[in-house]
Amino acid sequence: MSARETTLATIRRNRPAGDHPLPEIPAFAPLVGDDLVAEFGERLQRMGGRVAEVVPGQDPFAAVRERLDGAAVIASAVPEIAGNRDLAQVALPADLADVDVAIVRAVFGVAETGSVLFTQAELQVNAVAYLAQHLVVLLDPADILVNIQAAYRRPDFARADYAVLHTGPSATADIEGVLIHGAQGVRSLTVLLLPRTEEGVGERSATS
Amino acid sequence: MSIEDQPRLSEPPAESARGQDGRPLQHAEAATKPVAVKAPREAQPRGAKIRGDRPIDQAEAAERFLAAPLHQAAHDARLWDLRTKRDTAAFGIPEWEELRELASAIKTHTLSRLDHYLEQFEAAAKANGVHVHWAADGADHNRIVHGILKDHGARSLIKSKSMLTEECGFRHYMATTGIEVIETDLGERIQQLDDEEPSHVVVPAVHKTRFDVAEVFARTMGTDPENDDAKYLAESQRMHTRPLILEADAGLTGCNFAIAETGTVVTCTNEGNADLSGNVPKLQIHSIGIEKLIPRIEHLGVFLRLLSRSALGSPITQYTSHFRAPRKGTEMHMVLVDNGRSERLGMEEFWTSLKCIRCGACMNTCPVYRRSGGLSYGATYSGPIGLIIDPTFNKRKYSTLPFSSTMNGSCTNVCPVKINIHEQIFAWRKVLAEEHQIPLLKQGMMKAAGQVLSRPAAYRAAIGAADSALKVLPRFAVYNPLNTWGKAREMPDSPGRSFHSWYKQNRMGKKAGAKTSAAKKDGAS
Amino acid sequence: MRIGLFVPCYVDAFEPEVGIATLELLERLGLDVEYPFDQTCCGQPMTNTGCHAEAAATEALFVRNFTGFDYVVTPSGSCAHQVREHLTAIPQTPEVTAVRERTYELVEFLHDVLKVEAFPWARFPHKVAYHSNCNALRGIHHAKPSELNAPAFSKPLDLLAKVSGIEVVKLARPDECCGFGGTFSVFEPAVSAKMGYDKVADQARAGADYVVSADSSCLMHQKGCADRVGVPLKFIHIARILNGATA
């Protein structure tokens, strides 16, 4: 017998007795207040991320302008800003090793945890969200969901080849509990609250 | 690579290791103090001695751990801190206990129809373009993964943390193949470079101080042996590992949850290393214990709220990654590993241990674990969950582990899937005694105790004959010929007479009178 | 109401005054208390070591001694837990299950069955740390354990609140096990003792003069640890305080 058949046969032989129905999951009352934007920002901050509101009419990237100005390689996966590394032309993920800042749009945010969701569609090259030194995330305030339970009712997870919730930057506390950002992945994660538009924001912003 | 080469970007203070409000961050920072700088260097205590199938002497290894007070104190404080953070996180959710109940019920249901869900998972994964493999045991898993790597001519493999691959002895197996395996979780990498097993399922190097890590990194990566700053050490590791990640031919991850309806593998990490393993190389492999199945995506809404809060006290891990289908031009393999799980399913008293989601909460709360170190258990799984899982792998070798517990029950109360851990520890002791897997001395002592305690006259003689507690305690109370009590504790005072003789003197024959004299009208309701 | 008094072997040998206090207290409360003279032990040392067969004769003796009482009361959470949850080495006849169901630890008996409102004779003008024996806490539910997100309650603290002059201090690790663990204390002496040292250090740091518990076994272990490392704590069973001991 193959390993598959042996395992399945053993499971059938050993199946625990009794009826064990799958429970219904109740809709739990959200633990966050009505101001989802504020709740999202507060929780993201506690997870090591940073959120910046965008003032209409002003440079939407003002909060990260200094970082962008100091960056040699910028990979943008959003129409709101042009980078200098075209993700469509990347042959191998490892070619993104020198990216200083990556900019991507989140599918949605989650207020309960301060998380943002990406799929392969937003990232274009999945690895960019990990190999870049810093990650800048565009999030439409209207796309903030109340909690994790609501997030998992969305169809994105079942459809996407790859879907990932980021909650702050890469972190570790493996040495004496000292918190360090940028263990392997990005050193920082900044969320810019920028509404979606048909073709991005009106004015396309140059990188410097 | 020296540390000066990177990073080119300066770090603005707003994004430093603290939140912008200056408060300690909630998600990972310990509230414990670092080991004092001026502390004398103390060699890291090593784990239990492994001698084939001979029973692990956990008590001996624990005693050596305790003989390293700096390590022991830091270990205890760090893990207690995690337990405290877990409490805070859990108490912030009114439905916490209901979530535990739900998680437990979902796991029970899934395990009761595991064959069905595995077939559903396999079909979904195949439809997603994933290659699905089945491994009967650890050796099978290692051969399968090795075979996949060979087929692709891979020379190096990056991997994220996986207790399953530890269980399979994967790293040791691969050492003989000429294919390099690189752990990418910081703690796991420290352990790999030190040629030591992880001591904890979530924080693998928690038994090491930063001095130990500085020594390991200096020896293996050429860092400054005098620099024990945690940030320097972590950054050095990043710089050292990154080229290995970029050049790797394949990546391997473990699996926190496998979704039957969609064929998705979910990993939960804080470093993002599972995502690097899955997204950088052309070939990705996911090793999955068959008990990791849950029916539907929506069930993640229950488990994810429990996992990181139980483990670290954070609301969620930094990364929750859902791998469903290969990237364009790459291959994705999933290996479903049994390794004794299907047999464990048939163990009436022990099958619910398959519900475990490897959060480590039981270890953090365990007072014995915190004072012994995970390596003292000499097994892949240490602490309370290890005590009840390890004997299913090797009953003789791990026969001693269920006795490394006071059965205080705290583990059961923190378990997010409500495994009755301390009751299973109790049940294992019975199984092991019945199968004569406990030392003859211990069983002999219990037999003698049982004979005395079941005969009032013999019992009275044992107490009455002793003229001091020193003799009474070992003989009567525990029948321990070694007097291990007195080694570390003072003996109790001898009261001079037993309750029994007091009663005989004061109450026998004049019971009614005695009662009346002591009885008072007040007090009773 | 006929009450059978079970005096655990540790209490019998090392702390007879706890047995005396329990007896006197129950009598003060107007109960008819009998002490079956041939009693020995509940079988816990053997059962907890996995040796159930070796415990069978002791368990049978326990049931013989305590059959026919309305309640069996014992000043030990650990022994009450053993009888109620683990006295299973002998066939579970109606006689056996009746004895098991009727066995109560003293605190829960006073709190749940007698519902005692006051102990007017009790005065204990000291700062005390309360030690929850793990079996009393998580086995027979003396109080809400620190791990659970549930409403707080504590039967022993409810009773101590009725003692005048007493002040209960707060521990950093309120219900951490003290390391006694029955035969664990002799088979893993190093870890057991270290847990005890840490426990008494926590109690002393909290400012306690006395440690109070419903279990003599934990107290005996902690006293042994405190005396060894020179922590000046005193240890007293809750039965003695409720019966009016003042020091």
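Labels for the chains are A, B and C, by order of writing; each one numbers its residues from 1.
Heads up, the rule we're going with is that a residue touches a chain if its C-beta (ideal position, glycine included) is under 8 Å from a C-beta of that chain, and two chains touch if they have at least 3 such contacts.
Just so we're clear, the structure is a prediction, and the values are computed from it rather than from any experiment.
State the chain with the largest centre-to-centre distance from chain A, centres being mean CA positions.
That would be chain C.
Work out per-chain C-alpha centres and flag the one nearest the whole-protein C-alpha centre.
B
Between chain B and chain C, what's the gap in Å when you average each chain's C-alpha atoms?
31
Need the CA-centroid distance for the pair chain A / chain B, whole Å please.
Measuring from centre to centre gives 29 Å for this pair.
Please work out the Cα centroid separation of chain A and chain C, and write it as a whole number of Å.
The separation of the two C-alpha centroids amounts to 53 Å.
Specify, in ascending order, the residues of chain B that touch 2 or more different other chains.
93-94, in rising order.
Among the residues of chain C, which are close enough to touch at least two other chains?
Within chain C, no residue contacts more than one other chain.
Can you check the complex and tell me which residues of chain B touch chain C?
It comes out as residues 58-59, 62-63, 66, 72, 76, 80, 87, 90-91, 93-94, 96-97, 365, 367-368, 371-372, 402-410, 412-414, 422, 426, 428-434, 438, 442-443, 446-447, 449-451, 453-456, 459, 463, 469, 472-473, 476-478, 480, 482, 484-485, 487-495, 497-500, 502-504, 507-508, 515, 518-525.
State the interface residues of chain B toward chain A in the complex, per the touch definition above.
Checking each residue of chain B against chain A gives 7-12, 14-15, 17, 19-21, 23, 25-30, 32, 34-35, 74, 78, 81, 92-95, 98, 102, 105-106, 108-109, 111-115, 118-119, 128, 134-136, 140, 184-187, 190, 203-206, 208-210, 213, 230-231, 233-235, 238, 241-242, 245-247, 261-262, 264, 270-273, 275-276, 278-280, 290, 295, 297-302, 304-305, 312, 314-327, 336, 338, 342-343, 345-346, 351.
Could you please specify the touching residues of chain A with respect to chain B in the complex?
Those residues of chain A that touch chain B are 2-4, 6-8, 10-16, 18, 20-23, 25-26, 28-29, 31, 43, 45-48, 50, 66-67, 70-72, 93-94, 97, 100, 112-115, 120, 126-127, 129-131, 133-134, 148-149, 151-153, 157-158, 160-188, 190.
Can you name the residues of chain C that touch chain B in the complex?
On the chain C side, the touching residues are 7, 9-20, 23-24, 27-33, 35, 37-41, 43, 45-46, 48-58, 60-61, 86, 114-121, 134-135, 137-139, 145-150, 173, 175-177, 179-196, 198, 220-221, 223-225, 227-228.
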